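Both complexes shown next keep chain A, but they swap its partner, so chain B is in the first and chain C is in the second.
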Partner chain A sequence: MVLKIFFPQCCNKADSGLLVGRWIPGQNSAVVLAVIHYPFIPGQVKQYIHQMRGQSGVDLTVLGSWSMPKEGQEGMESFLRDLSTIFPQGQWLQLSREMGKIGFRCHVLTRDQNGKLVQQEKELKEDGGGEKGGTKRGGGEKEVEGEEGGGEKDKVIFIHYEQRKVMLSQLHPIDNGVPDPQTESQLPQVFGTVCQSEPLFFLDKYDDGPVKMTHWQSEGREGSIIVELMKQASTPVCLLTTWMLTLWTSLCSSRKANIFVSFFVDVSLGLLLVSWMYRENRIGKLANTLVPAADHVAKELEELLQWLMGAPAGLKMNRALDQVLGRFFLYHIHLWISYIHLMSPFIEMILWYVGLSACLGLTFALSLLSDITALLTFHIYCFYVYGARLYCMTVYGLSSLWRLFRGKKWNVLRQRVDSCSYDLDQLFIGTLLFTILLFLLPTTALYYLVFTLLRLVVVMFQGVLHLSVDFINSFPLFAMGLRLFRSYRLAEGVKFRVLCEEPGTPLHLMMDINPLKVSSVVQTYRTPTYSCYPKDSWLALCKKLFLGELIYPWRHKTTKID
Partner chain B sequence: MGADSGSGAAPGPAVPWRKVLWERQPFPDNYVDRRFLEELRRNEGLRQYRYWAVVQEAGLVAQQISCVALFLTLWLYMEQGLLSPSTLLWTGLLCALLGYGLYQALAPRGDSDNHHRTRWSDLQSASIFLSFTFGFSPVLRTLTESVCTDTVYAMTALMLLAHLVAFPYAQPSPPGSLSLNAALFASVCLASRLPGDLHTSGGLDSSSSPSSLHTFTMLCWALLVFALWPCLLQRLRDCAPWVFGCVCVLVGVCGVGGLGSLWPGGAVLLAALLGTVTLLCPLLLIRLQSDKDNIQGPWDEAEIQEDLTHFLH
Partner chain C sequence: MQNGDQHYSMEDETYTDIDGKAISLECQSHSGFCREFTVSSAKVSIGRVMAYTCAVWLSAYIIFFVTENTAVLSSAIIITLVGMMVHIHFVKVDHETLLIIGSLGVQVSSSYASGRESTDFIEMGKIKDIVINEAIHMVRKIKDMVINEAIHMVRKIKDIVINEAIHMQTVIYYLCILLKDPSDPEAVSSVVPLFQSSKPRLNCLVKVYKSCQEILAKC
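Right after this comes the complex of A and B.
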């Protein structure tokens, strides 16, 4: 079995002392979290570790000893070896490093049945084979190989990791349930251990505490600014900074951070828009162009109707129906133009006040624009509804009368077409109506087509606005920023680099964090918005258009109670 | 395969072969004995047609063709302005009344109760017809204005053909939906192509719309010829079969004569067609009976020969 030891980079140059960390159950690996330095009182160390275990919830133990001998520290080795008796462990790691050399050396002592530690293995040899490296120390004749299954050498691999980065990193895919410590795989356990051991990292070797430890704080990076600032919290400026930073750290939940940042960006963009619009009285100019624009649209519509009332595109329309429909719609346009002209003195004021509400965010302004478009194109909506209803009735009548033509009838109970014997007068009137509807179909179909196209143009414009609003709301800006600037915070996995592969020393690997792919970031951290996407597929939409049913692409499905 | 004489590979007939399905026999699966094809029956349902009976039935078909020809003649008269619509309308109404009287006279004796009820409903139906037709006439007359004349003629021809094909010759009384509807559709198409009043249009306008009266007349006649006449015909056939034959001949002669007054070539064609249908086709049918070769046997699908008349009322 390969023994994997996760060793923090910050402890590479630490003074000799005790290794504190956690054994990962079932995986034959250990995570080293810190090194406790001499001088220490074993009792105090035990008490401190017990306290930390309670605070962090991580199963902290003393893993073994670490020796990096400096001048004047001979004899530490034997001292550290004797420590194994003080701290009762199943396995005791003895790591040692020599100045100038890159590789470590590792001795693993196992407690045997007699309760005494036996050195299990010497260091790894490249040409490992059936060589028995076990020299027995301590009392008791003991066959070590029997336990291992015959001549198998225990390999030791050192995996170096950057402690601060692993502590801040979040491993994806995020498991939302409570993971079972027994079945969880190794990597999440390692990350989880480092992450949860935060209480352990409060005390440093520079602090006056019961024990002196070396961990990532000893590197003196910005993480310790919090601790420093808390000490200097008397000055107000620092108070404000402290508050903002505590706010920042409390937003550790990425989802809340995303929503907050999106909202902030939205509001700032909105304010920018407002300031641009109200400078140089652009609002007034906009209001002044609104009424002429509406007039222009109405004139265009009138021309369109005149064209339809003639012979559009050479198609043959029924003259009487054509004239009726054309005049009907022209009268509507006339009404609409009168309404717009009535409103024109008030438009500037309304627009001025409405534009102020864009302070609430760019999305607000976009939604307002969408609503203003809907209001200004109300007549197009009306025309569409009239045309659609007329066409729908024509198609419905035609299909029913066609069944009558063939002598069949729709059975509502069985939802199928049955044969039926009609009376003479039913047949007669049915045939007359069928003939009339059939010959009037091209005219109604053309009006329907034209108005549906106009309505679809408006709907598409509104759709673009809705989509952009949705995009602004749901895009995870905070997570994106994290990915770009602090890519180690969002981890997808790890990759290993070989640091040192000398014969005679164990294998040293460097564990680098593999950041999450940009597409996965967007996918995982998207804020779900209450957006109304069109519920119909394209095929269903085409079918509705063909039959003349009214389309409401942005309507939510509400439960109808009949 | 084959009868038991022949290949010596057939097992010895210690056990005779039986035509049963579930018993394991020492014969191969496709074995047949000399009684093979004993139950074959040839031309079992062959009917012996008598020439004049068939001719009489074919007369109905000829009669219907002549009806269509008569209708087209009336339309041609109106189109060329030889008949005024009002004359035709009154004639039509008169014929309708006469026909109704005849229909009631030939009604089977029995329940006289129903007479009053059906008279009232008949009056209702008639009023519905007339009011609807009169109401829709202005709409109908400009219906096919924008459609090309050739298209209209083609549609009419197609619809009349459909009418002739779908006509319920066995039982004309409740008129078949498809045939009646096709005929009415054709008449609407034709009605919209009638020339209008020459007073309103300048006379140079070729696409003048017909007046409402033309359309109304056309539709009334269509109703008479295609909807009401078969009912009367059915009555005649039930009550007085020999009168039926005379009526058919009369209708045929009228059709040919009417068409001949306008288009002699057409009359000749029509006469030839009627002759073929009435006289030649039955001859052909009877001659070809001798070439029939149907085989029936126990391998046919089972037909349920149940007497369902006790379900009918």
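Right after this comes the complex of A and C.
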């Protein structure tokens, strides 16, 4: 397998030193996390790495050596070779880079079974004909010549990555908890390694610590400034800063952050709405138009009923039933209008106080609007229930008597239709009732149709309000903001780009983060809301309407439907 | 062109897609185990763009002539512009790239006419194999169907049935990546088709397939 070395971009120009990182088992890859500079004491380095291993939980080791010789440092080569004996490893990487050149070179020393080091040649042969064979080494090391075609099995790929971005990024789909160490996937392991090695990044080469390291902090990001402030500030300020930091990190758990941001936006929109409504006493004007609006609706309903009581759309109704139903509903409207007029002096005050509660959020105001609509259209709801009940009874009576007409009966015990012999008088009365109901059917059906349509209009308006409330509550604003402004934090995967290199150096790739698609962001981070979507499909709804059963689109499953 | 890479492109006339339009294939070998294949589709033809624009605006003018409402004209302009922007940003693929890196994975990327790139990387551990699959594809051109029916009407009933059955469908080939099932290493969990917008023909696919198999065999 090809050897893959994940190398951070911040260490491209680092001074010579030791490479610290982790070998990923089974994949023949190594993730380089930092470079420890000279001068160092090997004992202290070992102790520090052991400490970091305990703190971070990541299997950190010294991977090898890094050499970027500046002027006056030509004697490094032998020093670097000797280092491999101090840190006993299975494989020891020797990365080197020359000033002015872009590509790296890599030598790998492996310990074979005898404990001796074997050097494997990793340099590619360039077209101009460079040095192919390895140089002879002293005792204890064997030389292996890389063949031109057969050396394909021992190749190196350098994969450059931006350490800070990979550390902050989260690979989706998110696993619960720590990634499974048995997983074959390489990329989650790389991301997990960099992410969990945060304790390693606290000290860098500008601090006074036991070791001097180069990693992403050496680029002078704001994280290190906070650390500096914390060190030098006095105790109360220090405590305050730590408290704010813990608050921020707890918010950075995406789901909590989403809820918090949604709530915050909701409340601010509500306050905006309140300030707009109360500015020019618009709420008073709204209250003043409410009663005339209710009057207008009642008048329209009266006209509608008069139309039904006549000959609506040219259909001929049953005169008596028509008059009864029409007068019944007209009386109801008259009662309703009286109540509204009774309440009209208080409406403005009630509305003023109720409007203040919109401070609690825009969703609160919308839900309130939905409830006010329900209250004001209560008479339409009543009419719908009366019409539906009447129609439902008619339909059931008709279906039962139709069975009698054909000589059959509904067996409640067996839940099926059985044949039955009826007496003559039963048949006679049954047929009579059947014809009566049949001829009254158009009238009741028409009333039912009209009031159902009105009810559906109201239900749809309420439905729109519910949907918008649900949308405001569940939309992940924080995650969307992250996706737009810090797209590297939500990663769907990675993308590779081949970097320009010089001949004779191994392959260099640049690993960029592929941000999550916008639709996936919404899907993954949607806050689940306690919403009551209609449980019936369209077909079931039509069936219910046809039979005259009452429809309650916003009822929960647990509530018993009448 | 990078030093140390082998870079060669195929002639335009040799490769076409399944509809007969000319496409081009470019192979770039970055190293012994890293290769990149780019298939560029045919560009947007100016004739079609003008035809659509003229059709939309002509109908808008007719509606304006009937209704005397200027909003129709402005809405036609807006519809044309928005439609063109949506087409070049979401629909029209300029070129598709396959980058195969031995023992790391395969990267598939589509680049749209507006410059947007959509990339997907599949790790080597999840890839079972890269194969060429066959599929039956309905011929979409109405013109062909009409001509075929006219020619075959003079023949016997039996002939018309058989000939129409063959002419209405063609067999196409597509290159795809077979992914492993994590629970069962021998089973194929899903198939990722490649070069879906450019749809190159078999000769182009075979070249890409051979190169990929070389690299997969090495690592």
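The rule is short, and it goes like this: the second predicted complex is superposed on the first by the 504 of 562 C-alpha atoms of A that agree within 3 Å, B and C clash if a C-alpha of one lies under 4 Å from a C-alpha of the other, contacts with A are read in each partner's own complex, and residues count from 1 in each chain.
Note that in this section contacts are C-beta pairs under 8 Å (C-beta built on N, C-alpha and C of every residue); 3 or more make two chains touch, one makes a residue touch a chain.
Everything quoted here is computed from the prediction, not taken from an experiment.
In the superposition on chain A, A:495 makes contact with chain C only, while chain B stays out of contact range.
Ranked by how many residues of chain A each touches, chain B and chain C are led by C.
Residue contacts after overlaying the shared chain place A:472 against neither chain B nor chain C. By the touch criterion defined above, A:1 reaches chain C but does not reach chain B. Contacts of A:259 after superposition on the shared chain: neither chain B nor chain C is touched.
In the superposition on chain A, no contact is made by A:365 with either chain B or chain C. Once both structures are placed on chain A, no chain A residue is touched by chain B and, in the other complex, by chain C. Of all residues in chain B, only 125, 128-129, 132-133, 136, 139-140, 142-147, 174-178, 180-181, 184-185, 188-189, 223, 227 touch chain A in the complex they form.
Chain A contributes residues 1-2, 4, 27-28, 124, 126-127, 152-153, 155, 157, 159, 184-187, 493-496, 498, 500-504, 506-507, 509, 514 to its touches with chain C in the complex.
Remark: chain A residues 316-320, 404-407, 421-422, 424-425, 427-432, 434-436, 439-440 touch chain B in the complex.
Interface residues of chain C facing chain A in the complex, by the touch rule stated above, are 2-4, 30-34, 36, 99, 101-104, 107, 109, 119-121, 123, 125-126, 218-219.
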